[in-house]
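Each of the two complexes below includes subunit A, the first together with subunit B, the second together with subunit C.
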Partner chain A sequence: MGKRLLWSLVLSSALAATWADAAEKTAIQVMHQGDPGFVAAYGKVAERFEAANPDVDVQFIYAPHDAYNEKFSAAVMAKQLPDVMELDAPFLANYVWSGYLQPIKPLIDKDVLDDMTESNIAQGTYPIDKDLYAIGLTDSSVVLYGNKKYLEAIGARIPKSVDDAWTRAEFETYLEKLSKLDGVKWPIDTFRGYGIKTEWITYAYGPILQSAGCDLIDRKAWKSEGTLDSDACVDALAMMQKWVKNGWVVPQSAGTNQFYAEGNPAALALGGHWVYAEAVAAMKDNLVVLPLPKFGAKSVSPNGTWIWAITKTSKHPDIAAKFISFLLKDKEYRAYVASQSGYPGLKSFAAESPLYADGGPMAIAFEQASKTAVARPPHPAYPTITSAFMQAVDEVFNGGDPREALTTAAKKIDQDIEDNDGYPPFDDEQ
Partner chain B sequence: MAMQQSTSSRSARITLRRDKGRLMQEAAMLAPAIILLTVFLIVPFLLSFWTAMTNQPLVPRPTPVRFVWFNNFIRTFQDDLFWTALWNVSRFTFWIIPAQCGLAFATALLLHQKLPFRNLLRGMFFLPAITSMVVVCVIWGTLFQYPTGPFNQILGFLSGGAIQPIDWLGDPEWAMFSIVLLSAWQAYGFQMIVYLAGLQGIPDELYDAAKIDGANAFRRFWHVTMPGLRPTHVFVLVITTIQAFKLYTQVAILTQGGPKSSTETVVHYMVRAGFEEQKMGYASAVSVILFVIVLIIALIQRQLLRRFDV
Partner chain C sequence: MSDIALSIPQARVARPRSAARVLRIVQTVSIFIIALVIVSPLLLLVVASLKDDRFQILADMGSFRAFWVSKPTLSNYAEVGHLSGELAFGRYLINSLIILITTVCSGLIVNSMAGFVLAWGSLKGRAVILSIVIALYVIPQESIIMPLVMMVSRAGMADTFAVQIVPWVASPLYIFLFYQFFTQLPKELLEAAEMDGASFFRAYRSIFLPLSLPALATVSILMGIETWNQYLWPILVTQTDYARPIAVAIATFFGQDSIYWDRAMAASVLMMIPILGLYLVFQRWFVSSFIGSAVKG
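After this line comes the complex of A and B, so read on.
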């Protein structure tokens, strides 16, 4: 009995000591998304950060990818914004306009800022005040992956750089030839399996529209009617509808990978740079990386990824920034990101990634960043822009009329802008 | 009639005077329910009606919140997608009522017999109803997989390859039907329990009397069981309809309203407007409309069934 009492005393005093310890520490909260690998990596970075800064306690708030913006809205409503938050670059304008984020230039280590690539700066910059609000280790892109065996079988030309990308005619001829080739079940996987509610649709299919010579919204007048429902966009979406109708595209319900799946049922893949690691593991030398085709005068690729920002309500912006700088410089974290074929957003990180260097297997993806990348519209109405566009694509891919679908989407976008009085000051940026 | 009324009101007055203390007691007992209903039902409804007439965004914004009168309602009625959603939910309801209630009724009749392990079986049949819909959806999502999912393999095997794989969730023609299948399977346990309770409420004497009168099993079912279950039928019908109109989880997890808006439902449409596009005022308008629609349907059902002397 006496022994038990003693033990409980020891335990409770130990507990009290931990509490006292926790009370002295400054806590910063970090809201993030990511697959289990990344979540584990963040946890380890935090441990190292806490070891280097014993008075800081880093607390993570995980929000799953698919419902991230909804969860973020809930945090805003509950006035429980974290100090540091990860955000998807195209939503930055909305967050800054709504007043949630603070400029981070004065807070982040200067050597990290100087290290940023142009496209990384672009994705974190708010177009109105041209200030930097978020930063990341990485950026992103989409390329056309090809199965070398199949491409050689149909005698396809293999482009060596962005400049000699396939034209629309070439691309469609190849799709047709591939559809008749033995072993090919679907000529192309456009990763429809990511679903119709994720950013994937706007991110990966938007550039096809832009390549064809139109856009989701006019980026000067900030009006969608006349742009998204223009002939060029209608034609581009009708072209994609034809691929689907012909059975050339892996259907949504077949899952997220038919390209490097066993037996390689899909010959081409319109996939993110993150697909590379798994694809090369499965396909070895049989994998070729091609630039995105020119559906009109030029090839267009997407950019932008999940980047780190500091909220306006943060009580410890200096510590928050210290954590972000620490994260971006952390060697083991960088090694992990590199192993996931992370797309460099810092020059020093690019130097560490032979994958993206000249002559590297993903060099074309990195070449696209400077030559063909077009950011998604940096406008506070972006949540509606992307939602309306996804709706239209789903409609069209399942047999709907492209013009009708795009007209509806354009109307919806303009209506949202009107409802918010033009999102001043965006409305006087003519 | 008049006489009767005045007597009863007089007696009520007498009771009232005699038991003032008791009235207070009753009020005190009612108070928690009334307060809870007010706080969680009446006030939120009034608030959402109020919000529906503004351009309230989900999260605070720099632009002012304005009163827009009935604009949100008008806009909802002008949106084709809303009508598609309403049509889809109606379609769903039309299918799910016979499927789910029929299944529940049949199982309840079966499990009302004196079978061995009756309670164990009841528990087993009730199990899906208490399993989280999210879990059920994830599992069925795998079963539905195209082209190699178990359902397609079974169909292919049974038909000797004559039936081509069906894209259960990816084909606009099939998606809603697939969701009906899954929903009926997941939720019929609840209706089954209600039916079982109803069956147990029918006095055995009625069956005995029917037997003595020479009624066969079918006649006993038709003339004793069915009339005895009338209130249960009404309850099940109304509850199932209301549940059906709230269809959301299955759609949110499996199809996100697609393909080609064939599984878009009113609640999913509302959540999309409110949380993705951050238009709280608009979403509130949709919720008010949904409330009114469900209310009207419930009232009509009640009236119709009252006519059949329930």
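After this line comes the complex of A and C, so read on.
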């Protein structure tokens, strides 16, 4: 009996101590997406952060990539926004306009802010008040990957820098030559397998239209009609449709990689920087990284990736910011991101990434950030802009009329802006 | 002449026999091909889960190599099993089982009770209620999902097991299935029970419910599959691994930049096993229920 009483006392004291410990801690919630590698990496950073800050408990809310926006909408409706949230950079304007995010400049460590690249600042800045609302360790870009053996076989010129990029005529000539080369099933993989549930089409194909001399929307008047359905855009999309019709592009049904798959059935790949790690592992020295071609007077490349923001409803913005600063400086996290060919968004991280340094295999990708990168339209209507554009491209790739599809998309975008009274104060800019 | 006369009837007899044999061969081959087509995705899933290279899985897609593995390995299963913390699959699997068992058990009770009352109850306006129940079935889940999210979060149910069970226990489809089954049983059973002094509930519990095994099996399987495959709802209403089911965990393998086909396949096979077990347990009654309803028209 005495023993039982003693054990009860010990147990109660232990439980009480645990309860007291948990009660003393300040919890912050972090909503994120990512594959198992990143999920595990965030978990380890949180452990190190909690060890350095014993009074803080970091709770993660994982939302799968394909259902992230739905999860975010549910969190908004349920008034359960987390303290820290990962968001896709082009959606930032919409979130700030809707009042979900707060400026982070006064909260994040100054050394981290000073470390940001221009492109990183751009992806986290709201164009109306020019304030910074989000920050990331990384940014992103798309390059043209090439199979050296095939390119040499057709006598293609290998550009050495962004200024040296292929012209539209060169690019199309090479596609045609590659289509006739033994071993090449498709001249180019544009990763159509990513589908229209992701941002891929707007992110990777939008710059082709911009390079050809048009845009998804007029960035001063914030009107899509007259821009997205202009002759230049119609011509650019018709050009891409021709590639598909000619059988030069890897079809969507072939999955998300035919460039470095066994046998290398695709000769070129219009792929994100993240493709590099897997491609080089499979292709070794046979991989060449080229700048995006000039489809008009200039090259254009995309930027923007998933970055960290603090919500307006956060009760502990200071701790939330402390966690973000800690994450961006964490050595082991940086090493993991570098191993995944993470595209530097901080200068110090760029210095730690020989892949992107001068002379590095992905130097051209980093050169694009300062010379040709154009952010996706930083406007609250962006969710509609991207959805309408992706539907148009999908329709055209499946045989639809480019002008008709782009006109419908432009009308849809303008209608959304009109329905929201121009998303003031964006309408004041006109 | 006589030879010819004798040979004609023989040929007449032989022709139908050989025709029947050919027909039987065609039927067997057709069934075999159809079965192969139906089973092939499953086969592909299992084979892919035994390959140790996710790029190989992709490379093999679209060819017969997708159905063959030269050096099978269980490493993908081991990797899935070793995941810990936010990705601990064991935890998600147990969560899914808890949600499945609770939802199906509660669903059987609630839906069968509702079906019985609508079939034999003395409730006024039963026909109207039945029409409303049937009408509710056509409302897609997606259209009510956001208001439902708001309701459950206001009720303080977010991130619990209850939030994944309670909203889906009562279902118009299953109420209707039970209603239809109970109406096919003779009313004399109820009258006899009432004459013996049994209450309405007692008649349901002791007479009608034990007779409705095929309906119970059908609803168990359909409800089980529906519950087991829930994906969007758990994402919207749960935050942590505390109550999240396995379908959400598998989604981590489909990242923004890469898809981990090898582990996704292994996890999918693991996810498939319990629901396959449920089907095998109830298969006999499930089939007889369908045969029964087909015969009764």
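In this text, the second predicted complex is superposed on the first by the 411 of 430 C-alpha atoms of A that agree within 3 Å, B and C clash if a C-alpha of one lies under 4 Å from a C-alpha of the other, contacts with A are read in each partner's own complex, and residues count from 1 in each chain.
Keep this in mind: a contact is a pair of C-beta atoms (placed from the backbone, for glycine too) under 8 Å apart; a residue touches a chain by one contact, two chains touch by 3 or more.
Just so we're clear, the structure is a prediction, and the values are computed from it rather than from any experiment.
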First, second, both or neither for A:G255, with subunit B first and subunit C second: both
Which superposed partner A:Y423 touches (first subunit B, second subunit C, both, neither): first
First (subunit B), second (subunit C), both or neither touched by A:G342: neither
Which of subunit B and subunit C A:G400 touches, first, second, both or neither: first
Subunit B versus subunit C as contact partner of A:W306, first or second or both or neither: second
Touching partner for A:A40 - first (subunit B), second (subunit C), both, neither: second
Which of subunit B and subunit C A:G195 touches, first, second, both or neither: first
Touched partner set for A:A78, first subunit B, second subunit C, both or neither: second
Which superposed partner A:G271 touches (first subunit B, second subunit C, both, neither): neither
Contact residues common to both interfaces of subunit A (with subunit B and with subunit C): 70, 73, 77, 254-255
Residues on subunit C engaged by subunit A in the complex (per definition of touch): 55-56, 58-59, 61-62, 83, 85-87, 146, 149-150, 153-154, 158, 231-232, 235-237, 239-240, 248, 251-260, 263
Of all residues in subunit A, those that touch subunit C in their complex: 29, 33-36, 38-40, 43, 59-67, 70-71, 73-74, 77-80, 198, 254-257, 260-263, 272, 274, 278, 282, 306, 340
Interface residues, subunit A side, partner subunit B - complex: 69-70, 73, 76-77, 97-99, 195-197, 251-255, 383-384, 387, 391, 394-395, 397-400, 408, 415-416, 419-421, 423-424
Complex interface listing, subunit B residues touching subunit A: 55, 57-63, 75, 80-81, 144-147, 167-170, 172, 256-262, 272, 275-279
